[in-house]
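Common to both upcoming complexes is subunit A, partnered first by subunit B, then by subunit C.
Moving on to the complex of A and B:
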């Protein structure tokens, strides 16, 4: 008799627990390194938004790391509901290698699925002792340049392409652009494998005169390391860096989380999501919100990777794969 | 003629069970992942494999990785014996602390070690700025790579030599001295031969550890192609391009080379202990 009662009680408790579980859902957002602070705040905002909208509790787990290794983790079976990475090439790989998302994933959300953008700027030391004003100063033999290795760091690929695009616009030919980038790379004393390590080299080791960095990382570095120690130099022309986001279709359909995962990404485009992006030094894509942050983001002439390089696949194949332009440049710089 | 015996009969029971577990354990942890790697590499044909593993940039990285690992293991062999000698033969205040310090490179995350070593040995660091006066650059050169590898290999020689030294009979040394041997002769003829097998084991372990090390080395190396790029970094580079087969091809070369070298060292060790 007593056993029956215990069984009944257990059944009741299990039933209650499952119905409570139905009231809550978990998302996994697989992202790259510099978005850590932004998504911490955005997740809290979305949780509140989703609860008022649907009454459901959503728990968001975050994973951060290098964009390439994060994409590989998803390809190898990490159960991500959404990915928010540094460049489209790594998300393309999720389609090509594992078929978890359709080929046209990037056209599913506005602005090439990039709710916020950034650009590439130069960080220099206090008072700008070497008088660095634009990309041209980086080829001077007396200037040391800090940038990570574009073969291992997604961010560094934007740096490299920004310099190449600038030279292409200025001189008009690929040969001269190659020579320009070659001169910059000849001024690089250390190639860190990842962007965060490079900040360490420039800031802690005090190596180098100019640090090529994402605008959001540069602004964050200035904020965290104290104003006045470093200055940002905005070049005349730079690249529009678009870090894209997407739902991982296979995973959300299996887990039944598509609705909340899509809402999670769409909310990035809402005024509140856009404002948080601006607060964390990403350029909002919504022009009205971007206006609120005018003072923070100087006007730069921006070109896109689509315009100048024909998209990520082409840029990657031509410049960064083994035997590409980057390897050729280093081959010619061999000591 | 009964030359080959499959298994020496033993009075202890349980051989089948323990051997079964040993094989299962080794298979799950070592053999299956490694077999997977070789299987992946097999997707390449011979020409592609050869091109991937003999590219000049890869060759330069082998020279650095194997060379620096060997030098680091050699440094540890000399100073590891010295440290073990001090810890075993002398009593001094703080001995327990020094003993514990030896294991620290095992426990500390290697990235932390890499950042700390770089901070000290870069030209602004407090070791680096003095070395710079003599024109010696450590951080961001092959010397820096060797320093990081020496650091992570330190415990191996000390911990393999220490117990052997503890068990060494002092009477042997006293007897040698009574028979008129000089101090140098005692060290060379009595102590070193007994330590040699343990020393070689420590050397092999330190070498293997240095060869596979990634975390601490990439911080101090500077990672310039053809100059300070270690082979594990090139493997990561291949993976970033989603070139899994290229990565496993280089991995296979490292595996085979490391295995052959360890086999040679083990052979030497066997020879040394037999001779003794």
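Moving on to the complex of A and C:
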């Protein structure tokens, strides 16, 4: 009789303990550099949403850095539940090198798994002293250009491809495009590893005349670091940047967090998630919400990476892998 | 026993130079013209001002740029507290580990002859010679999911990198040589005569170590530990590679400073930086106080 009672008591205690554990759950979102402010606010919103929906407390941990190095960390075992990176190639790498996600990860959520988009613009100093109007002005020898390193930064790869795409449209040949990009890179005094570092180089250390930046990063820099000190120059043509998101299947299945991780990403597409994205200067993918933020985003003629480069795999292989176009250009500059 | 300790003392203080020194100093001073002396002093002071005092002042000025309220807030913020706790934990593990290792290594190298000794010395110097980033990458290669031991660790659900153990390992690796490097020359200079006399007087190995060797190297040891401690608190490169930058979990104080700086929270970044600076200053003060006290006790004993 006594043993039965003890057994029952133990079972009850174990049951209580596990249900207490189920009351809270932790997610790790591994993201790229300029999303810090957006996810801080979005996480709080999702926390509230999840609590009213399920009664469960969710804590969301953030890790930020250059998209390439962040993907590398996930491949090396950083325990991400979701990744929200700057470009699809870096997430492809997580599939290829570590097999943590299926090959078709990008078709699992709407809009190529990109809940918000952005583009690449130019940030210049107040009054635009060098008279910079379009990509062409960046190859002038008197203009210093700030952009991060495409090897580690996703934003920098969008910058590079935007410039290449512009030159290709204007001059029509790969040779001319290469020469154009080479001239821009020749004007770069420091190549920071990630987007946020370049913003600090341009804004805090006051180096450079034109800063090739994410639209959201440029708008944020103006907002946070000096209204009226900087101006945005919208180039005639730019690239449609789609930063995608995905759950890391192997990790969420091991940790038992799949349900909340998937809800976390789906909520990005909800009106509230979309509005927060708009508030932090990302272009919402929901047309109705995008209309609310219309005034904030200049009208730019945008081309996609599929149109001009045949997708990220091809662009990455040709331009950014070891021995690719970027390496060749960089070598020719050092000589 | 008392004989060995009193003779040991001068050797424990490397600056205690032989007698002729004051006379030579006076002669040197009279040789130079006053303007040379003052120019040299001015240069030295300017250098100190530019490279030590100004940056230090800048850190504190930046920290209080937006008032003491924000300063306290940025230090009391949960992520900052977690960073402080993690830094202290890492120091509390890696410094004692390196203390034990450093004493053991220096003892073996200075007091015994064995094959492969110079190889061991080179190994101890290795962490000084290689870049901290490489030090971090070594651990990624060993313990990362794609690394040598990664698959096994994954199966057993053991986390090394992107978790606290990896940060401790990286810090311990980088601060590895400080204690040993400080002790080896000191012990070599002292030789092994005292230990040999202790042994002939009937002390066993353990007694010899505790009552002869250790008291002789006390100052060098404390100095080494302080250097080791300072570097362990401030280490950035190696830790950055193995940390994974998870806020509130795997960010040490230097990494937290970088995150704050990158998030445009400059006053908060400087606030945490000033705290790190204060910790460093406190260690130096503790060192000076101990030094001063022992010095006084020694002088009193000499009377």
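By definition in this document, the second predicted complex is superposed on the first by the 318 of 335 C-alpha atoms of A that agree within 3 Å, B and C clash if a C-alpha of one lies under 4 Å from a C-alpha of the other, contacts with A are read in each partner's own complex, and residues count from 1 in each chain.
As a convention for this text, a residue touches a chain if its C-beta (ideal position, glycine included) is under 8 Å from a C-beta of that chain, and two chains touch if they have at least 3 such contacts.
Not measured: the values here are computed from a predicted model.
Visitor: Determine, under the contact definition given at the top, whether A:97 touches first (subunit B), second (subunit C), both, or neither.
Guide: both
Visitor: Answer with first, second, both or neither: which of subunit B and subunit C does A:54 touch in the superposed model?
Guide: Neither: A:54 stays clear of subunit B and subunit C.
Visitor: Spot which of subunit B and subunit C makes contact with more residues of subunit A, would you?
Guide: Subunit A has more residues touched by B than by the other partner.
Visitor: Give one of first, second, both or neither to describe whether A:270 is in contact with subunit B, with subunit C, with both, or with none.
Guide: The answer is neither, since A:270 touches no partner chain.
Visitor: Could you say whether A:64 touches subunit B, subunit C, both of them, or neither, answering first, second, both or neither?
Guide: Touch status of A:64: second partner only.
Visitor: A:77 contacts which: subunit B (first), subunit C (second), both, neither?
Guide: Once the two structures are laid over each other on A, A:77 reaches subunit C alone.
Visitor: Once the shared chain is lined up, is A:320 touching subunit B (first), subunit C (second), both, or neither of them?
Guide: In the superposition, A:320 contacts subunit B only.
Visitor: Would you check which partner chain A:189 touches, where first means subunit B only, second means subunit C only, and both and neither mean what they say?
Guide: first
Visitor: Between subunit B and subunit C, whom does A:197 touch in the aligned arrangement: first, second, both, or neither?
Guide: both
Visitor: Following superposition on chain A, which residues of subunit A contact subunit B and also contact subunit C?
Guide: 97, 197, 200
Visitor: Name, in rising order, each residue of subunit C that touches subunit A in their complex.
Guide: Subunit C reaches subunit A through residues 140, 143-147, 150, 154, 157, 159, 161-162, 244-249, 259, 261-264.
Visitor: Touching residues of subunit A toward subunit B in the complex: what are they?
Guide: 66, 68-69, 72, 93, 97, 149, 151-152, 189-193, 197, 200, 204-207, 316, 320-322, 327, 330-331, 334-335
Visitor: Which bits of subunit A are touching subunit C when the two form their complex?
Guide: Spelled out, the residues of subunit A in touch with subunit C are 28, 33, 36-37, 61-65, 73, 75-79, 97-98, 196-197, 200, 224-225, 254.
Visitor: Touching residues of subunit B toward subunit A in the complex: what are they?
Guide: Residue list for subunit B touching subunit A: 55-57, 115, 118-119, 122-125, 139-140, 218-219, 222-227, 233, 236-243, 246.
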